[in-house]
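Presented sequentially are two complexes of chain A, the first with chain B as partner and the second with chain C.
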Partner chain A sequence: MSSPKNDNTVNTEAIREVLDTHRAKMKTALRVCAHCSLCAESCFLFHVHDGDPRYMPSHKFINSIGRLYKKKGRIDQEALEEISEIVWRRCVLCTRCYCPLGIDIPEMIALARNICRSQDVYFTWDQLEQEA
Partner chain B sequence: MVKAKKKPFEEIKQAIEGYTRVLNIGCGGCVSVCLAGGQKEVNLLNLQLNAAFSGENKATRVDSFTVERQCNEMFLIDLDKVVPRYDGLMSMACGAGVQLIAERYPDKPIFPAVNTIAVGVDRQIGIYEERCRACGECVLGYTGGICPITRCAKGLFNGPCGGTNKGICEIGNEIPCAWQDIYERLKEQNRVDDILKIKTAMQWQNQTRRMIVQDEYAGRYEDKK
Partner chain C sequence: MYDLVRGPLVWVAFTVFIVGTVYQVVRFYSLSRKNPQFRLIKPTGGPPKKEDPPAEPVLTFGQRLRLSIAGTNPVMTTVTTVFHVLLVLTPFFVLGHNVLWDLAWGISPPSFSEAFTDVLTIIVIAGGVYFLCRRLFMARVRAISSTYDFVILAIATAPFITGFLAYRNIFDYDTVILLHMLAGEIMLVAIPFTKLVHMPFFFINRFLLVHENTFGAGGSRIWR
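Now for the complex of A and B:
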């Protein structure tokens, strides 16, 4: 993932602020998820990757925004990079996933992306070439 | 996807210099894919603009905010808190994104920082080719998968004009004649009959296929042109 910063410091206070403004929604989403895995059926990336559980929408939001929420934003650069790996590489934000309990999973993933972006951690399309 | 190219620096600078606090809004969608208006491009442009304004002792300062997609309101919610702090907005998304932002914040002047060029394909990193003009009446089914609107300089619907010359378009620059290509492909598929039916012509201006090469990558491809 791209990190144009020279230092690897993470402004945990800034992350905390973003988390605070969305606390109610995140809390509900994380509490309501019944791990029924029904959302998996609606994610094309889950199917494209032969049902790899790491592509389940629920897995993706729990391990991104869920992780940030549980850690109350106190997270280091490495963890942020891991999260960005999930929210950019394993989700295209097509907004097609369906949760029978009404969790807006794309919204949760977009929120995790926002937090990464706020720390200058994001995906750029020319990095694909560097990786090739 | 939608392909765009950054406007000339001076044009951008002039558009916003009458404002003190400007928010440059990036888009994580198509313009991020074609390296025109993602977070990286927003950050870079802002660095250049702020340096230029401070060098000229101008008060204008530009901040950044990149959303996942400017063409979908669900990704604009977090902007609501930020936008009121600014007297001018700039967008690095395509025309669709700019317009959705303009619609959401009707009291804020907005300026596009990119030119939206086309619906196109990715050839290489930083080099893109126009493929569709979103005419709304796709004819690819009878033209062998070659778009006469994008590829033919005159957007002709019923075969080539008299200017076609050994497979090259009369407008020059060695541009292949779209209709020659269509004919060849249909012949290969035994489907030449498809273009014998008369299609009502659309009114289009002369345009040839445009290539979108990002400046940062232009040098790399110069030899191959």
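Now for the complex of A and C:
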């Protein structure tokens, strides 16, 4: 994952501020998720990647915003890069994912993107060209 | 121990369950607000006319069903629906439970026959076994499972497993019935404060919150 930021400093306070503003909604979403995996088929990337569980909407939101929430924002640069990989490369925010319990997964992914952006970690098209 | 579990702990469990659930609902209301502006508008009108072709292809009911979760996961959809409905309904119609109501307060709610309740209990346990197998053997479910998920499954099914054992007098009855009461109390206490909170939040998320997948009138509230 490309990022313009190369140093290893993550502003935990800034992350926590974003988390705090959405705490209730995030906490509810994470708690309500029954880990049933029924959202899997609603993601076209899950199909494209031959049913790779890492492309399930629930897997993506648990391992991005869920991870940030559990760690209360205390996360290092490497982990943030991993999260940005999930929220940009494994999700295109097409908002077609469907949760039987009504969790707004795209919103959670968008929130994780906001947190990554707040730390100058984000997807760049240059990276894609280099990979190609 | 028996008197404690049968007496005060029942009250504690019911109080925590009711107060906890009310707290979760009140908390939801305080964290959300009414906003008719974002009310979901469902398409209305009759079938499209031939001379006025729709911009998007119109799917038949069968096609929509096949694309839904019921279509992509028919077994899981059936099992989970039956499991959840019976999990909630069965305890209200158990003869043994209703005899206790009668002895305590002189009220006699309708009950199923013991044989029928036994069948319902076995169906719930079978559903629990199905969920356990999914969690253990399906890669996609295993990928998002933790010990917590197994504990939650155990909490939800324990009252039914112990009830089944008690009804059939398997193991020492006194111990099993004590465990049965404890298991029920633990489940009640767990509902508002663990992943089992999806019980009230299923209705909140699917009926009250405005989003694309809201049932009914399209929801009326959004998060603050």
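Keep in mind that, in the parts below, the second predicted complex is superposed on the first by the 131 of 132 C-alpha atoms of A that agree within 3 Å, B and C clash if a C-alpha of one lies under 4 Å from a C-alpha of the other, contacts with A are read in each partner's own complex, and residues count from 1 in each chain.
The working rule: a contact is a pair of C-beta atoms (placed from the backbone, for glycine too) under 8 Å apart; a residue touches a chain by one contact, two chains touch by 3 or more.
Predicted model, so just to flag it, every value in this text is computed and none were measured.
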Next item on the list: Identify whether chain B and chain C fit side by side or clash on chain A in the overlaid structures.
Entry: fit
Next item on the list: Would you check which partner chain A:W125 touches, where first means chain B only, second means chain C only, and both and neither mean what they say?
Entry: first
Next item on the list: State whether A:L93 touches chain B only (first), chain C only (second), both chains, or neither.
Entry: first
Margin query: Quick check for you: in the superposed arrangement, does A:T12 touch first (chain B), second (chain C), both or neither?
Written below: neither
Next item on the list: Look at A:Q77 in the shared chain and tell me whether it touches chain B only, chain C only, both, or neither; answer first, second, both or neither.
Entry: neither
Next item on the list: Report for A:A24: first if it touches chain B alone, second if chain C alone, otherwise both or neither.
Entry: second
Next item on the list: Going by the touch definition up top, name the partner, chain B or chain C, that contacts more of chain A.
Entry: C
Checklist line | Which superposed partner A:I62 touches (first chain B, second chain C, both, neither) | finding: second
Notebook entry, point to check: By how many Å are the closest C-alpha atoms of chain B and chain C apart after the superposition?
Noted result: 10
Note to self: I'd like to check the shared interface: which positions of chain A are touched by both chain B and chain C across the two complexes?
What the structure shows: 95
Next item on the list: Spell out the part of chain A that touches chain C in their complex, as residue ranges.
Entry: 24-25, 28, 31-38, 40-42, 51, 53-54, 56, 58-59, 62, 95, 98-104
Margin query: Show me the residue ranges of chain C that touch chain A in the complex, using the header's touch definition.
Written below: 27-28, 31, 69, 72-73, 76-77, 80, 134, 138-146, 149, 194-195, 197-198, 201-202, 204-206, 209, 211-214, 223
Next item on the list: State the interface residues of chain B toward chain A in the complex, per the touch definition above.
Entry: 28, 32-35, 38-40, 43, 66, 68-69, 72, 74-75, 78, 81, 125-126
Note to self: Which residues of chain A touch chain B once you look at their complex with the stated criterion?
What the structure shows: 2, 4, 21, 93, 95, 106-107, 110, 113-114, 117, 120, 122, 124-126, 128-129
